[in-house]
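Going in written order, the chains are labelled A, B, C and D, and every chain counts its residues from 1.
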Amino acid sequence: MKTPTTALSHHRPDAVFYRERNLVEDILAPGSDPDFTTVMMEHILGRAVSPAERRVMNAILITMMEHGMTPSAIATRSVYMSAPENLQGAVAAGLMAVGSQFVGTVENNSRILATILEAPEEKRRVIAEGIVDDHRSRKAHVPGFGHHLHFPEDPRSVRLLQIGEENDIGSEHVAALRLLSEVVDERARKHLTINATGATSALLGSMSVPVALMRGFCVIGRTAGLVAHVAEEQQRPSGRFIWDLVDKTIPYEA
Amino acid sequence: MKTPTTALSHHRPDAVFYRERNLVEDILAPGSDPDFTTVMMEHILGRAVSPAERRVMNAILITMMEHGMTPSAIATRSVYMSAPENLQGAVAAGLMAVGSQFVGTVENNSRILATILEAPEEKRRVIAEGIVDDHRSRKAHVPGFGHHLHFPEDPRSVRLLQIGEENDIGSEHVAALRLLSEVVDERARKHLTINATGATSALLGSMSVPVALMRGFCVIGRTAGLVAHVAEEQQRPSGRFIWDLVDKTIPYEA
Amino acid sequence: MKTPTTALSHHRPDAVFYRERNLVEDILAPGSDPDFTTVMMEHILGRAVSPAERRVMNAILITMMEHGMTPSAIATRSVYMSAPENLQGAVAAGLMAVGSQFVGTVENNSRILATILEAPEEKRRVIAEGIVDDHRSRKAHVPGFGHHLHFPEDPRSVRLLQIGEENDIGSEHVAALRLLSEVVDERARKHLTINATGATSALLGSMSVPVALMRGFCVIGRTAGLVAHVAEEQQRPSGRFIWDLVDKTIPYEA
Amino acid sequence: MKTPTTALSHHRPDAVFYRERNLVEDILAPGSDPDFTTVMMEHILGRAVSPAERRVMNAILITMMEHGMTPSAIATRSVYMSAPENLQGAVAAGLMAVGSQFVGTVENNSRILATILEAPEEKRRVIAEGIVDDHRSRKAHVPGFGHHLHFPEDPRSVRLLQIGEENDIGSEHVAALRLLSEVVDERARKHLTINATGATSALLGSMSVPVALMRGFCVIGRTAGLVAHVAEEQQRPSGRFIWDLVDKTIPYEA
């Protein structure tokens, strides 16, 4: 088998390199004010990142961070209560909920936007109609639309798309998303909000983040949120209460 | 059982709140240029964060992100190769390696620094000597010192401590760490580097991060690094090679 | 939202029930010699289990347990070395490798067998040919066939299918699998072994295990194997060696 | 670094070996009726296992399997709802709750029993008194005693200890556990039940399972229980209900 290589890092006794840069002498050099978001994007994507891209990514990471007592937070708190010696395990348990049902829709939405954008402009509406009709015939949700808590608009996606616009990021992908949204509403005969994963998909797509990697940025943002849930669990424990609540509320029935 | 409360988040159909701030109207407000590091620190710690603290935290997150083919990267790559549909599981597997043997030493070092700092200044050296002697009598490493790859100095900790100094963060904790370092070297009759977890412990301690939460910030930084390993695995797969390499190199012996 | 119910368990101060049985008075009653495999199958499947089914399941669990230094074992050992205080995290990390690329093929093979078995007997070969041709046109492996280490036969699947036969389990599903195997060989113009996941799929399918649950039994078997890797890691540590080996063997290349 | 070895497994194109036995020709040989519990114990412990040991281990695995809507089950169900494509991740999330607060007490109880058994018989009560008094002075629970749901006795531990007795397993360790129990009750001036982890500790200890490995057998038993929770979640989904319940019940408070 051919030996693979890595471009991510190498080290010497006196240095660590992140791709081609010396961590200490280049990235953390005096006067450089390095920013985690930028360094992380450059490390993951393997290319320079503009201030506009940094601003958009900051908004995405911040938005993905928190939404209260979600399944991922419940998993993290349940595990932390049982194994507080193992903070990383509690965070890891919650991260595993960043799967197909919520965040994973970023990827499916992104594939739809890519299909629309591959077509010449005058055919895009017909393509979008075909996609929406296909989902409806399978009684499937169109990924990126609708939210069980936020309506008529998911305020996060409205603002994320504005931030894209303010930074000249995403105009083409956002246009495809808005076109898709029009068709979704038309066929449903009611308004369905563009949700946060829909907006995220358009913005990440326009920054050329590969579809299979999009979920990774959601994972980074959510990790910070789950650390906050651990921090609160240390001060206001809820794990045992949740256990008792669930055990008492869900009855036994043969 | 008394019902616990949460201060982290609440939501309305038209808004999500992060602690007391409206995510969209306050944190992501037009003209605000919000920064993930700052927002995340404020969310986790429940207090305002200064630009100096942000700069120091950025340096810590960036430093914790990457160190090449570590056990956590190997776990992430092995799992990703086996279940590429499940990026978050691969990252979670790698995060579980952020445990007692490497990053967890942040906490033990921090407890030692706290013990030293509780004493009046003139007694601190004696306290430090007692701690080092106790470790030596148990043939235990003093946490925060020594590195199997970086010597005579871990370049990351040298720079992290400078960044603390440049930002007026950590002077008292760093003084305790340097005192401890002197005693470590004296007793060992050779120089042992202050490693990255030692420097991180002093800086996080001086920003009043609770000891039990310190590991959480290392987890956030490392998450980004593990996403980079997934990204590279998508382009230059190594998982099957690692499997073959390990299987062939470690022989069977009854 | 309608309150769900659970049939799995309820408890009183003086008793725990597993479905409708009292754990202590019924399952563990004196003279009962209860068997983990049987109790576990009955608990998961919600029905009585025959001795023949127990024997077949034992063979599957045992077969899924171990295959040396696989990606899941490497992940478990890497995490255990880094966080030995956290045995369950090391096992959990390795379990996450029980995904689509290896064990998940059980499910895809099972769906193919179900499609074949839905057809009247005289049409099954044509259906199988259509499925194999479709895979070949997409350059996809037919799930359940081929093994990179075991050839011309995977000895495990040969024996598993025999055990099914000895216990009168699986004749219809095994017939469908053998038919599929004939077509696979014919089209490939060479012999491809039925692998262990192919045999497992046929046997679990014939015991009416739902497709979406099949992976669960593989997880149970593999858990035991990963505990064995932890046990060996406690006596003959390999984690640091694996780290060093991988780090040195995979070169940096920008 | 010296190359480590493995005794667990090796393979040839035509065979897989579990330690020194050929999986197919020895373990699964015709007429052998192999049992998962026995094979798994022999694989993990590296020694032959008696029928008595098998019976006791079966009882332990079965007992560790299930206790309804525990934190581990809640974590598994929350993750499964969010990522149903990833059964192994849901099970892994729940396993991470097999930590210090519940199952981990097996290890601490075992260390206490070992300390008592190291002393000559006439000094054991004094040793036990010292240990209990030390815990009480630190306001710490003595591990292995008390249960928030089961009283005055945990029916599981009563039966587990009987099963030990019926199989001539554990007499010395159980005697130490009963002595400790007497002292616990005497000092507390009330009866505290020996709980399931206390009984498990005595039985595993008497089978010479290393303390650091005890948790592994609890993990195996619990894995089966978590697969049952996934199976039920497939038929009677509760994850979204739990989310809603916890989100609505725990109020926001700044």
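As a working rule, contacts are C-beta pairs under 8 Å (C-beta built on N, C-alpha and C of every residue); 3 or more make two chains touch, one makes a residue touch a chain.
What you are looking at is a predicted structure, and each value in this text was computed from that prediction instead of being measured.
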Among the remaining chains, which ones contact both chain A and chain B?
C, D
Equivalent interface positions on chain A and chain C, same or different at half
same
In terms of mean CA position, the chain most removed from chain A is D
Counting C-beta pairs in contact for B-C and for C-D, the higher total belongs to C-D
What is the distance, in whole Å, between the centres of chain B and chain C, each centre taken as the mean of its C-alpha atoms?
37
For chain A and chain C, let me know how many angstrom lie between their CA-based centres, rounded off.
32
So the centre of each chain is just the mean of its C-alpha atoms; given that, what is the distance between chain C and chain D in Å?
23
Which residues of chain C are in contact with two or more other chains?
3-7, 9-10, 68-69, 83-86, 88-89, 92-93, 96-99, 238, 241, 249-250
If you look only at chain A, which of its residues touch chain D in the complex?
68-72, 74-75, 78-79, 81-86, 89-90, 92-94, 96-102, 104, 238-239, 241-243, 245-247, 249-250
Under the touch definition given earlier, write down the residues of chain A that touch chain B in their complex.
1-11, 13-16, 18, 23-24, 27-28, 30, 33-37, 39-40, 43-46, 55, 57-59, 61-63, 65-69, 84, 86-89, 91-93, 95-99, 149-151, 153, 155-156, 158-160, 162-163, 166, 210, 212-213, 215-217, 219-221, 223-225, 227-232, 234, 236-238, 240-241, 244
Using the touch rule from the top, collect the residues of chain D that touch chain B in their complex.
3-7, 9-10, 17, 19-20, 83, 85-86, 88-89, 92, 249-254
